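Heads up, the next two complexes both have chain A, just with different partners, chain B and then chain C.
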Partner chain A sequence: MTTTSETSTRIRSRWAPYVTTVRYLVLFALVCVFLIPVYVLLVTAMKDPAQVSPSRMWNLPDSFSVDTFGEVWPTLEPGFRNSVLMALPASIISSLLGAANGFVLAKWRFPGADVVFPLILFGMFIPYQAILIPMRELLTDWNMVGGLSGLILVHIIYGLPITTLIFRSYFVTISDELIDSAQVDGAGMIRTLVFVALPIALPAFAVAVIWQFTSAWNDFLFGLVLTSTDSWPVTVALNNIAGGQVVPFHEAMAAALLASIPTLLVYVLMGRFFMRGLMAGALKG
Partner chain B sequence: MLRIRKWGPAALLVAPSLVAIGVFVYGFLGWNLRVSLSDWRGLRATYDFAGLDNYRRLAGDTRFIDGVQNVVVFTVVFVAGTLIFGFLLALLLERGIRGEAFFRTVFLFPMAISFIATAIIWRWLMSNASGAQETGLNKLFDSVGLGFLANDWFKADSYWAVASVAIAAGWALVGYIMALFLAGMRGVSDDLREAARVDGASEAKAFWHVIRPMLLPVVMSAIVILAHISLKTFDLIYAMDAKSRKIETPALYMWFTTFEGLNFSIGAAIATLLVLGIALVIVPYIWYSVRSERRR
Partner chain C sequence: MSEKTSEGRAAAAAADALTAELAGREPAGVRLDQVSKHFRGGVQAIRDVTLTVAPGEFVVLVGPSGCGKSTLLRMIAGLEEVSSGRIHIGDKDVTTQLPQQRDVAMVFQSYALYPRMTVRGNIGFGLRMRRVPKEERARRVDEVAQILGLEHLLDRRPAALSGGQRQRVAMGRAIVREPQIFLMDEPLSNLDAKLRVSMRAQLTLLHKRLGVTTVYVTHDQTEAMTLGQRVAVLRDGVLQQVDTPQALFHHPVNLFVAAFIGSPSMNFVHATVDAGAVSFAGVRIPLPPGSPLADGGRRVILGMRPTSLSVASEDGAPRLTVTPAIVEDLGDERFVIFDVDAPRVDTDATRAAVDAQAEDDALLVPLDRATFTARLPATTPVTVGEPMAVAIDPARLHFFDPATGEVLQ
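Showing the complex of A and B:
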């Protein structure tokens, strides 16, 4: 036994540098393949529109130009604005409600909480096709179809499962003593939540808001069903600009890039929180 | 009285959310089921009971059956491909590598962009235009001498057309699966691994006997998450080629038959079948997650 272990150690140390090199080479190759779409996107969107033709897709531009962005921005801009107006309130309100739910489910477990929580979670996985018809019927009755209000409402509600989950996972890790001591001091439930729990839950708040903002921004189906031309979110506007077969493809690429900038910025600047949202989405909070 | 004072504020705090989810999730699911059992065609809602007529009709509807076949092909390619590549990436990154943050950021960034943007890029990459119009990956293959790889992608006249869409979907999700695997692998404490090594296990053996068994739950969650995404994905396929029956899945057929064909009851029946399919994988998963958390 000793000999085999010694041999394997020796072999490992002799081959280790090569293994590391191969590992880097493979990773580098995979990164290159993975970034092919990004290369095409950037190269095409930044070409002088006069130089663009599908057959020259892979060529680097002779001269850089931002003209294409200027061409598509006016058609994309209303959708972009709508998405900002929709995704910000939707993500913030959904996160606030999620904070309250998560706090109660983690620390103030009312009778039946164990049944309620999985029922809430299920809402995160349902195929939205199965609620589209009733959703449109009810929101038409409430006069909330064709503008942004209906879209904001559904993003708040269908965001509740994930925001609740994020905050519940967070509050579970907070010690009970902290909550109890607030109670001993005479603070009620609401005051404990606002003055004790929420201030320490800022990281969870960041995770929830970022997650919700990204999913609301990237949603297409709800936008398609609940809005009209003036209130299209950016995804629907983007699909209309870039969806037809006659659209010059450099415009399609430039529009796709512009429409992705906010969520990409959030991702690059706050990647850590984004990651945690992803893990929570897999019920691995 | 004491009970009310104790639970009252808590109940009040969660009540709005619970009512909202009660109505918008469970109420709507029930409402949709009712539509699927009705004869509602056209713009005006009618709820006359039609039994299982709509489901029977779907059983003989070739468009629906083709859609089911498409979603099966899509799911198999998407789930298997994403799992394999996600695992491979995690394996390459697992033993602390310089620039790990960079690699992770690269492989995960598609999670931040919409399926619409993803579809737009990939639609052009997987163009099947030929001759002077040739572009995208086919053009790339030709110019590096791999012309035999050029194909019709999602326009192909075979049931593999939808596999092209699965490639784009896999590109978008592979980083997520990589992250899940990484979290799982790192969950195995270094102590445990060190113990295995001290006992004389080689690196490969330590992986096989210590890390692999712990990864089974990760594989299960990855499969559940990917499979449920593939059943409900709409925007990716819609933006890729909305009019093509070759890549149409029930999730899209539902939308077309409901909001373009005004066959509300048929659309509701398709949606109900989607819920059943997804519940089949998701309900055991939630039950298992909540239960194993309680045991901890």
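Showing the complex of A and C:
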């Protein structure tokens, strides 16, 4: 514990206690600002319908109730299920392909790699709107509009630039000798990737999956345009709850809270992987 | 104590088993035939290297950093393409084969252990990739672990090992494959000095037991001299001399090899040959009888090892009066450093060789005069700044052409 007694042996400026106090006050104030929307979300979701009104949005509810969550769930559930079925494969497949791309671009160089990589990155800067109509046309031709398969495909492809970037940046930091060693030990490109590179790349994998899952889950535009009613993702379902003539704020808030749970869950589950240094011990010292 | 010996016996038994297995295989040699390597951008890393490593031989490639020795090793492994020339392992031309097709194992400078695998997984990886059945794999991994004293570490990850242990795992990974050729790229350079010396002895022992053809790369000439049955000296991608350590030391073919091999380095001075004697700084040393240099006069670079200088006695050997500038006491011997009243030898060759061992050669001495080191017994009374007489052994002189750096014999 910090102590200012004479026996303390810590090296510190004599202003340190004040600086620390001020620093924490500032940080606390910023946290409060960032949490305001979450506060409104929570209290509104727990209010009785009669209490919900814009003029009283800051007030705490008279009685906390979770009934609203139960009321919106049946409306939200099909979209929620669709989103899980869509976002999981979209994020995992996109990350695996990104890992393969990143590995080849960083460690299994081929002529022209320096041209291919920027071209792939270019994909990150193409806005959804720009390709929406041709995409819909193409997928219609391929008979992939309406169900989830088209949406999954689009998210896999749209995720490739960022997952490729994540994995390439990660793989360039691992030693070339590790890859050389696997080759001399008898592993070809695929087996080097699977047995040596991927196990080391778990932190990158966590980052890529979190990123991809979140962006696929949060997407509204592709979900709306490429699927039919049965396959609407949760974002579209959420919009339907909030988009009526009279907005039932408490229901919208409760539904939004429910819809945000999976992305939070993915972060909590996978976040610990990139906190750990998994490369430790590969090389000397 | 008894536990230790029984452990030792087990290791010896395991080594015997492995030796027996290896003995069933015909050892293969390596043949490099006019091998060259150009990197993109025009750098020529290797020029026309022709080198034959006999089956079962331990050959060391040595040279200053950037001389291409690692590139050459990687070319044998198949990790680097050959620009021209052929590489044979045994009777097979492997020039265009992938690393995994060549039957070689390599130990890397960084060890390159697979961080997410246990020691067992690391050692067994090569066998797994070659689809060796599980039971045989386990047996061979255990055998090698026993030889290297790694049995109790088999379930650890590399992160939980010390530097020396990691080094042994890297060795084990190579040995377990029972390859035709071991390739080692400075495998000891990340160990501390004491451990390096003991691992050097272990390596020699291991090579004796297993008898596998080994090509070993190092920049450390002491390592090269102690390990190699033959040593190949490389400079700027050109093979300078391939010979036994003894021959390299006593009969260097050029100035670079002479300056590079030996510690402390050979002393050099500009000298003149005239009328059957060589002279510098006012000393005349008669040439040995029958020397081809005897007729006619010319300028030469004269070289002499620190051990061919001794305290002058009354036997009439040519002597040099010097003033010691630095005395380095090593216990039972001392290095006496002094400068000589003759121009310093400063050619590309000597500079390249000395840069490689700069740690030995940080001298604060006049740059325009030649600096000599004499290796004298510690019983010799030497005082810095007090003139003394040093005798030169006329039988151990080396003469080099000042223009080409080639030896004159």
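One rule holds for everything that comes next: the second predicted complex is superposed on the first by the 237 of 285 C-alpha atoms of A that agree within 3 Å, B and C clash if a C-alpha of one lies under 4 Å from a C-alpha of the other, contacts with A are read in each partner's own complex, and residues count from 1 in each chain.
Criterion: contacts are C-beta pairs under 8 Å (C-beta built on N, C-alpha and C of every residue); 3 or more make two chains touch, one makes a residue touch a chain.
Everything quoted here is computed from the prediction, not taken from an experiment.
Asks: Check whether A:270 is in contact with chain B, with chain C, with both or with neither, and answer first, second, both or neither.
Replies: neither
Asks: For A:188, using the defined touch cut-off, is the partner it touches chain B, chain C, both, or neither? Pick first, second, both or neither.
Replies: Once the two structures are laid over each other on A, A:188 reaches both partners.
Asks: Going by the contact rule stated at the top, is it chain B or chain C that touches a larger number of residues on chain A?
Replies: The partner making contact with more of chain A's residues is B.
Asks: Looking at A:84, would you say it contacts chain B, chain C, both, or neither? Reply first, second, both or neither.
Replies: A:84 contacts neither chain B nor chain C.
Asks: Thinking of the overlay built on chain A, is A:199 touched by chain B (first), by chain C (second), by both, or by neither?
Replies: Second partner only, chain C.
Asks: Is A:92 touching anything from chain B or chain C once the two structures are fitted on A? First, second, both or neither.
Replies: After superposition on chain A, A:92 lies in contact with neither partner.
Asks: When the two structures are overlaid on chain A, which partner does A:42 contact: first (chain B), second (chain C), both, or neither?
Replies: neither
Asks: Enumerate the residues of chain A that count as touching chain B in its complex and touching chain C in the other.
Replies: Shared contact residues on chain A (touching chain B in one complex, chain C in the other): 188, 278-279, 281-284.
Asks: So in the complex, the part of chain B that touches chain A is made up of which residues?
Replies: 7, 9-11, 13-14, 16-18, 20-21, 24-29, 31-32, 35, 45, 89, 92-93, 97, 103, 105-109, 111-118, 120-122, 124-125, 127, 129, 132-136, 139-140, 143, 171, 176, 179-180, 183, 200, 202-203, 221-222, 225, 228, 231-232, 234-235, 238-239, 242, 251, 254-255, 258-259, 264, 267-268, 270-272, 274-275, 278, 282-283, 285-287, 289-290, 294
Asks: Quick check on the complex: what are the chain A residues that touch chain C?
Replies: By the definition above, chain A touches chain C via 175, 177-178, 180-188, 191, 195-196, 199-200, 278-285.
Asks: Quick one: in the complex, what on chain A touches chain B?
Replies: Going by the criterion above, the answer is residues 1-2, 4-5, 8, 12, 20, 23-24, 26-27, 30-31, 34-37, 40-41, 54-55, 57-58, 97-98, 100-101, 103-105, 108, 110-111, 114, 116-123, 125-135, 137-138, 154, 156-158, 160-161, 164, 188-190, 193, 214, 217-221, 225, 235, 238-239, 242-243, 249, 252-253, 255-257, 259-260, 263-264, 266-268, 271, 274-275, 278-279, 281-284.
Asks: In the complex of these two chains, what residues of chain C are touching chain A?
Replies: Where chain C meets chain A, its residues are 74, 77-79, 98-100, 104-106, 108-117, 125-126, 129-130, 157-161, 163, 166, 173, 177, 183, 190.
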